[in-house]
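Take a look at these structures.
Next, two complexes with subunit A in common: one pairs it with subunit B, the other with subunit C.
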Partner chain A sequence: MKVADPTGSETPEGGGPVTRQPGRVAGWRVGVLASPAAPVFAALVAVFLIAWLVVELRGGTFLTVPNIVNMLQRSVALGIVSAGQTVVILLGSLDLSVAQLISLTSLIGSTTMDGSSANVVPAVGLVLAVGAGVGLANGLIITKLRVNAFIATLGMALILKGLIDNQWDGPAGRVPDSFESLGYTRFGVIPVSVFLLIAVVLAIYLMLRYTRFGYRIYAVGGDEDVSKLSGLRTHRTIIAAHVVCSLTAAITGLFLASRLGSGTPTVGPDGGYDLESIAAVVLGGTALMGGRGGVLGTLGGVFILAVLDNTFNQLEVNSFLKDVVRGVIIIAAVAVYARRQGVRP
Partner chain B sequence: MSAEQATADKGFESASGNLGRRLATSLLSTGTIFLLLFVLLAWIAVLNPSFLEPGPFLAYLKRAAPLVMLAAGAYFVLVSGNFDLSVGSLVTVVVVVSARLIDGDPSKTWPVIALVLAIGAAVGLFNGVVSTILRVPSFITTLGTLLMLEGAVFLWSGGAPTGALAENYREIGRKGIEGFPVLDELPWSVLLLVVVGVAAALLMRSDFGRQLIATGDNDRAARLSGVRVDQVRILAFVLSGVLAAVAGILLGGFAGVSAQVGQGLEFDAITAAVLGGVVLGGGRGSVVAAMAGALTLEALFTWLNLQGISGALEDTVQGVIIIAAVAFAAYRLRGAR
Partner chain C sequence: MSDAGVPLLEMRGISKSFVGVEVLHGVDIDLRAGEIHAIVGENGAGKSTLMKILAGVHDPTEGTILIDGEEKTFHHPAAAQHAGVGIIYQEFNLLPDRNVAENVFVGREPVKRGIVDRRAMERRTEELLEEVGETSFGPRTPVRRLSVAQQQVVEIVKARSLDARILVLDEPTAALADHEVELLFSLVRRLQEQGIGMLYISHRLREVFALADRITVLKDGGLVKTLGTSETDPGGLVNLMVGRELDGYFPERGEPGDLGDVRLAVKDVSTPLLRNVSLQVRAGEIVGLAGLQGSGRTELARAIFGADPLTGGSIEIDGKKRRLRTPRAAIRAGLGFITEDRKLEGLALAQSIADNMLLAVRTVIPGARRRRAKGLMSVKELAAVTQLRARGPEQEVRFLSGGNQQKVVLAKWLETKPQVLIFDEPTRGIDVGAKAGIHDLIRKLAREGVAVLMISSELPELIGMSDRILVMREGAIAGELPAGAGEPEIMHLATLDEQAAA
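After this line comes the complex of A and B, so read on.
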């Protein structure tokens, strides 16, 4: 079963994902090329080259350090929350409540800080606790009450939205300058926020690749009943994965608060982080049914979306046309993956 | 998702049992929603005794009609094992396109209605073909369609809805047959609701309906027993698209032209169907219960209004109730095993 090989990404000696019949793996498709993330990065390179060509032909500038850094920086928020979304999707679940949670945590963070540097640590602690609490609630509703993840997290999104609208009707709180620097300071040319993205993705990558918890996520995503019969405590795994996902949403909320200087009730839904993060994960080659994929592919998916966004902005494409093209690209990309995977087991 | 697996197994078992047992199981699994609907309506009637008089009650049905259409559409897609997230934006497309093309000219109403129904069918066909033949998960297909439709309609209309609906177009959502005995006026939307309800129930009793459920339950087994799985699924998407177009026509007349008219309706429709006992993942649930789920959701909105719960907390209460109702249904299912 696919359970056995959670090596989502680069496996120097691996012979390709176990789901594929050994005979069907082409000779050159070994090593790094055999990893599920490889086609995603190939697509990223292709999109990047095309974007470069198109923008340069139209007289724009694409391959400059500021522009690349700009693209990286705009990937941070979506990248962090998509990394968490990857974990629950690998598990065969999903989380539609992240957008509202991002709004809520940005508000809680900024109002708790209230412009004073001394409050930063308690505020971060409080926000992470709220994130963990929401994730715990999601996980418990899904496992103990046996509510489908789609409905459970959709219901949670409504609950959070109501709480936000009841409490706040506009931007609130103020983050101190020291915290705002998270959004703007740079090491050399690289913004600090990019390191935050790298740290989150790396942590989740290591967790999926080297911990028991990570292996269990792939096992439950592959087949929950088989995992349970093999002695896994599937409920604990599902709950913990939802806590991880909500924590990344909380971190995204904090990051957006530092970027905007205050919390905003609509920052999450306006960014479309719920559906957009799922799109990024699937664009990154992770199967929506769970059990197959990895966080590096997701990062590739996020970068593809960022490159597209940047190109459209440079070409001054109508924002509505942008949506149309994005929709086409998401469907086309996933159609190509589906073709590669052959008949589903 | 073991719960789904388990319930799917159960559905298969009961289908092979005798009629009496089948009736008993279907009542056990779908009875919850009718109980909930009854309790909510009774509660509303206690809070507002005039609610059960023909006028206010028909007004409630009229309000609920678009969501009932969408829930029926969502049912066909869900029970075949797919999702349709594009219906909300399709409703917006229908309203905006109608307003711009009609622009207040009553003679254009019927051609435009034919056109938007065709658009609905075409969008459904696209969703279906991409999800089955190109094997893209329907969640992603319809998410892409959602982006495309929203982008396309505003690209075409230049960012904001323009034009106006003709009076005879609006009457479909607002007016009805005058001088109807007992009721004074039978709204067109209520009539349409009954017609769609009966048609959907009959459809699910036909070969197509049984093939649809078999496909959602276990598409491999269905294919091996000779069901054209892809065709059945595509047809389910087309039905969903057409019903969304009908809902858009009703909403255009009822609520007027705006860019937000369809926002979030896809989630409302899925929620209504799930409230009615439809299992995400397919193969289980009845279309009548899904439509009752939509009526319940609308009754819930009415109840929240009457309770005087402030607009903001309304969402919270709605979220809690939806989770609780689905959890209760899951509990009942386990109990009935």
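After this line comes the complex of A and C, so read on.
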């Protein structure tokens, strides 16, 4: 490499100091290639093709409209909560309380509605308020009490679990038919719930990419001290991000209540939404330490998990092996991202 | 501009205690519009703490801050920024994963109808970059890909974008090559003409005398004196800073007879960034390695140390060919590497002094051998040899000043009994008094038979310390100079065809 003017043809992953910017078009190209979502969707396509091949060879049906729709529909709950989880992980935090919050909000939603359409609006409002409150509490515990996010949200999960177990010992409440239709109605072949997923992901995508709040999340996740010394009010950003994450959990809780017809104390933990959402985020290329990644990658990660699930179900693989394979894939994905990042930043 | 009566900034009777220990004792300082006011003092003199109080990072225990005669209290850096205080920290304060424009406007992104106005942000950054004459990178370049000097430019641009009226520059030239320093100076003078008041913290007295209107000396957390630049000279200033005469800035060089056999021989070493580098260092010899940022000095050190793989060539230690694929192998072969960035690569900041000192020896030499090894020093002895000033072996390293941190790094390597030591910018960001101590220590090690390879961007240090100087350019050795070579000769070799390349 030359001293004064090294080559202008640096590859995006190339180390060493940069010199001349090759121009806007190249800059765009670098942006797309360097985007963490690109390899995730490449991986998704690969997983999809392999699954297709394997399932068809074994006499199953894979590439049919019902099967694809089925996979999409099964991605909705995990997709929504993972989108929220992406926000806090980008920030360098995480949220282990989402699974219990999903249970709690499903119960609050269904018992408040209590089978009456007139109660839907107040119930949704109440559930979102509870979600925002839990997120606010998480954020305050992390920033003001300076408790590590892992411990803070683990503690919050236990608190919520205690509240749920104290109040309910089984499914409770009933959602009205009008609300239940959210889980089953289709628009053409596409279930309405898929639009809900798209709406949440799109909202978070736009928020991360175009608003100040989004820029600040990346900044705080990149380096909290640097952000603070640059005059950024980091506590506000952390608290707001946790509110967003908990809101997505509350929406997931409502969605599951509509799908099941009533709220259930174990719907969150049974779905494994806490660790599964973190797995989807990481599989989607977002750095667990924060500052790098995005929600589109997470969506790819959710779909990869859905395709695997579908494949394993069709092949009737035993569930232990299923978990082993998923574990291997998650570890392999993170190892690949680490390699892409290069040894010397 | 404010009228003559009211200074732009006044800090009155500032005291600060951390957990009951007072580190600043009633310091007064003032700054007028368009003035460059230098603050000098040894590490631990309280300069950084004073600046962090001005920046709103710490609250003062006592004292007041007045801006334009109006009392201000900052509980958060954002409040200080809002009041017109911009700070360029010594430790780089950028987000590597974000691009230049995003870093310049972090937390203050321009918005249009709730949406971040990327175009405006990039346009403004581009303008600011052009203003400072920086064309080698643009607003969209990721900071990760910038060199240290380029990052410094981003820092300055970031402070400029704040329209700060009070600008604090904390060791702004520590990482810059000489021609970049000139660029910074012209920028600083331009800001001065615009009426911006600047507090300029530096260990390089030449810069202080070139720029400052007034100089304030701090020592041990107290104010020694504020004086006009014309009232003093570098010698007098050093006396005020250390409270003693500093004679013989550099230790005496070795005699030709002191030199032993070749300990380190590098033969035709190549990596993606190095081209056929060959050199030899003898026992007892200090070989200086000069060159511009990016000329391959650090890359060479990393290659020798086994941190980066070689694509060709070989390395011999004490005449034996060694394949050093990892730093661990290199340490076992008798090498030590004092890295440029002690916080990132040299120290475990949250661990104790003792743990840091024993880190290398514990990990590389198995327990049984360590116990049998003769002459292994205790932590106490290491602290004495390096003249470490600390509260005790259990103190966490992050609470030490830069000079004392560097002594811990040195102690870590001394404990492994190295035959070859590579120093990369051994005194970067370290004050005059501690510098002399580290120079003495390096020479003492050489006298004891260690072969020393020393990288430094500070030419006086390189010239003062080296028995021989190698100059690198574009990943290769551009030439060799004897002891006592002049700065012009070194710069000539280092930059020879810079213009042709540009």
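Going forward, the second predicted complex is superposed on the first by the 309 of 345 C-alpha atoms of A that agree within 3 Å, B and C clash if a C-alpha of one lies under 4 Å from a C-alpha of the other, contacts with A are read in each partner's own complex, and residues count from 1 in each chain.
One rule holds in what follows: a contact is a pair of C-beta atoms (placed from the backbone, for glycine too) under 8 Å apart; a residue touches a chain by one contact, two chains touch by 3 or more.
Keep in mind that this is a model prediction, so the values were computed, not measured.
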item	value
First (subunit B), second (subunit C), both or neither touched by A:D95	neither
Which superposed partner A:R326 touches (first subunit B, second subunit C, both, neither)	first
First, second, both or neither for A:R216, with subunit B first and subunit C second	second
Touching partner for A:R292 - first (subunit B), second (subunit C), both, neither	second
First, second, both or neither for A:I141, with subunit B first and subunit C second	first
Touched partner set for A:K228, first subunit B, second subunit C, both or neither	both
Subunit A residues touched - subunit C or subunit B, whichever exceeds	B
Subunit A positions touched by subunit B in one structure and by subunit C in the second	228
Touching residues (chain side subunit A, partner subunit C) in the complex	1-6, 10, 14-21, 27, 31, 34, 210-212, 214-216, 218-219, 222-223, 226-233, 291-292, 345
Complex contacts: residues of subunit A adjacent to subunit B	92, 141, 145-152, 154-163, 165-166, 224-225, 228, 234, 275, 278-279, 282, 288-289, 318, 320-328, 330-331, 334-335, 338-339, 344
Residue numbers on subunit B that touch subunit A, as the complex places them	1-5, 85, 130, 134-137, 139-141, 143-148, 150-152, 154-155, 159, 267, 270-271, 274, 279-281, 310-320, 322-323, 326-327, 330-331, 334
In the complex, subunit C residues that touch subunit A	55, 57, 76-78, 80-82, 87, 89, 93-98, 102, 106-109, 111, 114-116, 135-138, 140-142, 144-147, 150, 158, 273, 292-296, 473-475, 495, 498-499, 501-502
